[in-house]
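Starting off with a structure, shown below.
Here the chain labels run A, B and C in written order, and each chain numbers its own residues starting at 1.
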Amino acid sequence: MLAWIKKKWNYFAIAALLIFLILIPFDWFLSRYTSLMIIIGISTMVTVGLCLLMGYTGQVSLGQAAFYGLGAYFSAVLSKTYSLNPWLAMLIAALATGAFAYVVGYPIFKLRGNYLAMATLGIGLIMWILFNQLSQYTGGPDGMSGIPYLSIGGFTFDTNFKRYYLVWCFCLAILFLSQNIVRSRTGRALRAIHGNEAAAESIGINVNQFKLKIFVLSSVYASLAGSLFAHHLRHVSPQPFDFLASIKLVVMAVIGGLASIWGAIFGAGTTRFLSDEVLLGFNKYPQLDIIIYGLILMLVMIFMPEGLFIAIKSFTFWLKVNWRELPSIMKRKRKELPNQMKHIFRRLLLMRLWRKAEP
Amino acid sequence: MSADQFVQYLMSGLTQGSIYALIGLGFTIIYAVTRIINFAQGEFVMLGGMLSYVLAVKEGLSMPLAIIIAVLAAAAVGAVMYLLAIRTARRASVISLIIITIGAAIFIRGIAGNRFGVNTVSPPDFTGSGSISFLGAYIEPQALWIIGITFVVTTLLYLFLSHTMVGKALRACAINPGAASLVGINTKAMSLIAFAIAAAIGGIGGVVIAPLAMASYNMGVMLGLKGFVAASIGGFMSPITTVIGGVVLGVVESLAVGLDWGPFTSAYKDVIALVVLLLILLIRSGKLAAAERAG
Amino acid sequence: MQKYLKFSLVFILAIALVAVGTISCGGGAQEEKEAYKIGALFSTTGSQSNLGVPEENTVEMLVEKINADGGINGHDLEVIIYNDETDSTKCATLANKLIEQDQVLAIIGPTGTGNSMAIIDAITTAEIPLVSCAAGASIVTPVDERYWIFKTPQTDKQVVIEIYIYLQSINISKVAIITSTSGFGQGGKTYLESEAATYGITLVDNQTFGSDDTSMISQLTHIKGTDAEAVVCWDTDKASAVVAKDMQTLQMTIPLYCSHGIANQAFIDAAGDAANGVIFPAGKLLVVDEIPASDPQKEVLTNYRDEYLAAYPNESISTFGGHAYDALYLVVDALENMEEDLTLAESRAAIRDGLEQITDFVGISGIFTMSPEDHLGMQPGSLALIEIVDGAWTLAQ
């Protein structure tokens, strides 16, 4: 019996997670967090795309918020100024954003590492400036209001309660879709690329094509998320799509685990909870939020480059095994530290730069 | 545009460009020696500017002393950042290093915003305010300081790199780190020195710029970006080309406002830097791709 | 993948337990009506922080004073202040939070025009009254679409007209405008353009800059090449100070007029002696000592000035704090006339009605008489034209 439960554990886990999510907006449960959970769901959608991009292609995107913004603005302008059906607007937004990502990504993905990061940063900033400057279409720095609600037939998504389910349906659909992609042939190709690009290239995988596909996919996810955001808040302005927003998304991806899918919920959830609930109370201690983000980024990438979620899992596992040996390991590390410091100081003081080379 | 106006645009472009050049030098040095793009470069500039204000105005130290301490502090932050954040992340992938430097940048910015407040401050000019007439254009004395110091720093840097042992060792690391360590150069110490020098130059930049352009805790973002564009125009390889890149960017920006051409109102000034950046990157990627196909 | 699920599940359960715990502790208090809860949205960080900080300070000071005097009909006053960081999306999110999570009776603020416009939809749908501290005329017009919205500062349109009337009186007809791309700047630009002809003004140049720009030399050089007789700059203190300094550098001799956005000490500090000679319209608070004793506002202004400086000795008075003063007291007035034991929805409606019926309220920004057709309610003559002389504010001649 126990063995059967253990085997089907992940089905139980999914079911429990779903039940938990379904129950949140009810007054007797956690309804005061409904709008926070809506934002978390939306952020998760963008984060998953970023996780796939960063984890499987090893490319960082410092401008992901631009696609998020494109989706929001397309939806806003098409459904308000041009009175298009919001669902149609959302579809057009996704297609347009995807096309834009393709056009922009095609030359960019020939770049490597640093240059690619700068290019995405540049694109993100250009989009943000355009959102600010094209005020006839976008409403400029103060944005535009009066975006209509989404509706199906006579049923309008006009309360947080209804929108919560809408957003999470989208979110879970995207998560399951991403899972399928990762398990498919495409996923295997991606993992090959992640392991060693040259090797993957040599067995016939068109590396650039795959990277581009993931880039476009991540942009479509972000666009859908942006559209939902526009129809939730009914107001868009450039601020949630600036450089700091792109950084926050990277923080979410880093916490969630760079190549993980379900970890994205964790990443988006903790970051949003931190920034929208916990940090609000620290009004008198300015800039605490970016101090924390900076610390998280540095610490996680230095010590757990695979992402916080994965590291926690493996860390606890490790703890379970080596619990007794922990004190002795720590003592050994402590003894080593002064020696290391002496080494560094000696080297710096003497500045004998042409002594023995470092191994 | 009259001749007078043209000279004015040129002068203000030269001033801005010197600012970009100083920042770009920091990027160039670090990238050349360590192949890392230091997203926190702009924050070193910010530290120089903010610290010189705090020390000179709030704490009442004399201006020269405040400047020296500010620059040394910036250098120290750079060195500490290297030791704690970069060296500990050995074997980190490129994407990790990028994220680490970004994390360091916003961490430094946050601490500065917390400690110094969010207001914009203006340290006193080095030799008094007012304006000087120069070749038909008006320029603040501080702007002359900026241009002058950029020139001096670049020259000193050039001499350092070409005539001192340490400088030559740095260049060796830039050309080929593996070979450099084989001939006995301590590449880790070289990286540390590169970070400290870049941070110091950034600090000097901040100290010189702040009286003119004012300082605030988030001045590092845009300045860092424009400095990066300057460095990328220059190819990341030599101080001279970086300075040329900076000046070109500054002048182009200034003239674009002056020309008042078509839909490009003065509001689009910042877009110019970004477009230039993307163009450079595209050209570079073309060269990279061509080299790979050949090799 | 399975392991991630396990851990995400564990983690979510942990959060759930914490959340349920906090609810059961704090949930009960929401049902009580002992304290009157109002929400406030101020931009205490971001580009409008010099406006938002005095607003927050003023409200905190006044709440203490009101509660020390026995509250409102025996109810304590509680104001939940959130910082919207001069970010309109954040403002919209926080407005929703105040309305749904904190369930406040009314909201005062936001600081800026852009943020105020951003939440009008949400406020109207939620049927809760808002008393904004921002300048934009479009915040309260057209009045039939702004049933729930009121505001306390003079509109940007009124400020522009004030400047143009003065320019007309000293025979200046050629003006160059330089405005920021922010909501505030663009609002000013709109009226500077639309009202010019009425006062015989021709706009010979029209430059823009970003609120965070640090050099306007290029734009001003362009203006210098025209035959402008005066420059009108529209932004808050930080960027306006740069304009003033750069004009001095370029040795431009034509006068500079600014918006009421520079009505705080930060402008003078940042611009140094370039600030001297700058003229701008603002509330009478800044020159309260020069106001004649016969002015009905004199006593209120003097008291506010003295109390604020006593409570915050390191700050200087600002007309923006005055906007918050007015907003808070308007709401307090409506609360005093409100019946007891109403539901949340009824209370919000009652406060709204109360606000609309206020007459002759002597405030800091002016004297207010609201009506169904006018949700600003300010009489003309509430603005004074101020000149900066030797680093201090005086009435312009």
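Just so we're on the same page, a contact is a pair of C-beta atoms (placed from the backbone, for glycine too) under 8 Å apart; a residue touches a chain by one contact, two chains touch by 3 or more.
These figures come from a predicted structure and were not determined experimentally.
K.L.:
Quick check: more C-beta contact pairs in A-C or B-C?
P.N.:
Comparing A-C with B-C, the pair joined by more C-beta contacts is A-C.
K.L.:
Counting only C-alpha atoms to place each centre, which chain is farthest from chain B?
P.N.:
C
K.L.:
Counting only Cα atoms for the centres, state how far chain A is from chain B in Å.
P.N.:
Measuring from centre to centre gives 30 Å for this pair.
K.L.:
Which whole number of Å gives the spacing of the CA centres of chain B and chain C?
P.N.:
37
K.L.:
Which residues does chain C have that touch at least 2 chains other than itself?
P.N.:
Correct list: 45, 181.
K.L.:
Residues touching two or more other chains, restricted to chain B: which are they?
P.N.:
Residues 118, 267, 270 of chain B each touch two or more of the other chains.
K.L.:
Provide the list of chain A residues touching at least two other chains, using ranges where the numbers run on.
P.N.:
Touching at least two other chains: 132-133, 286.
K.L.:
Quick check on the complex: what are the chain B residues that touch chain A?
P.N.:
Interface residues on the chain B side: 31, 35-37, 83, 85, 88-89, 92-96, 98-100, 102-111, 113-114, 117-118, 165-166, 169, 181-190, 192, 217, 221, 225, 228, 232, 267-268, 270-271, 274-275, 277-278, 281-282, 284-286, 288-289.
K.L.:
Show which residues of chain B lie in contact with chain C when the two form their complex.
P.N.:
1-2, 5, 8-9, 12, 16, 118-120, 122, 129-131, 133, 138-140, 212-214, 219, 222, 253-254, 257-258, 260, 265-267, 269-270
K.L.:
Please name which positions on chain A make contact with chain B in the complex.
P.N.:
54, 58-60, 62, 107-108, 110-115, 117-119, 121-123, 125-126, 129-130, 132-133, 243-244, 247, 250, 254, 285-298, 301-302, 305, 344, 347-348, 351, 353-358
K.L.:
Hey, which residues of chain C end up touching chain B in the complex?
P.N.:
For this pair, the touching residues of chain C are 45, 49-50, 181, 207-210, 212-215, 217-219, 221-222, 224-225, 238, 242, 248-251, 266, 270, 272-273.
K.L.:
Quick check: in the complex, which residue numbers of chain A touch chain C?
P.N.:
So the residues of chain A touching chain C come out as 9-10, 13-14, 16-17, 20, 29-30, 32-33, 35, 39, 132-133, 135, 140-143, 145-146, 160, 179, 233-237, 239-240, 257, 260-263, 265-266, 269, 273, 276, 280, 283, 286, 309-310, 312-313.
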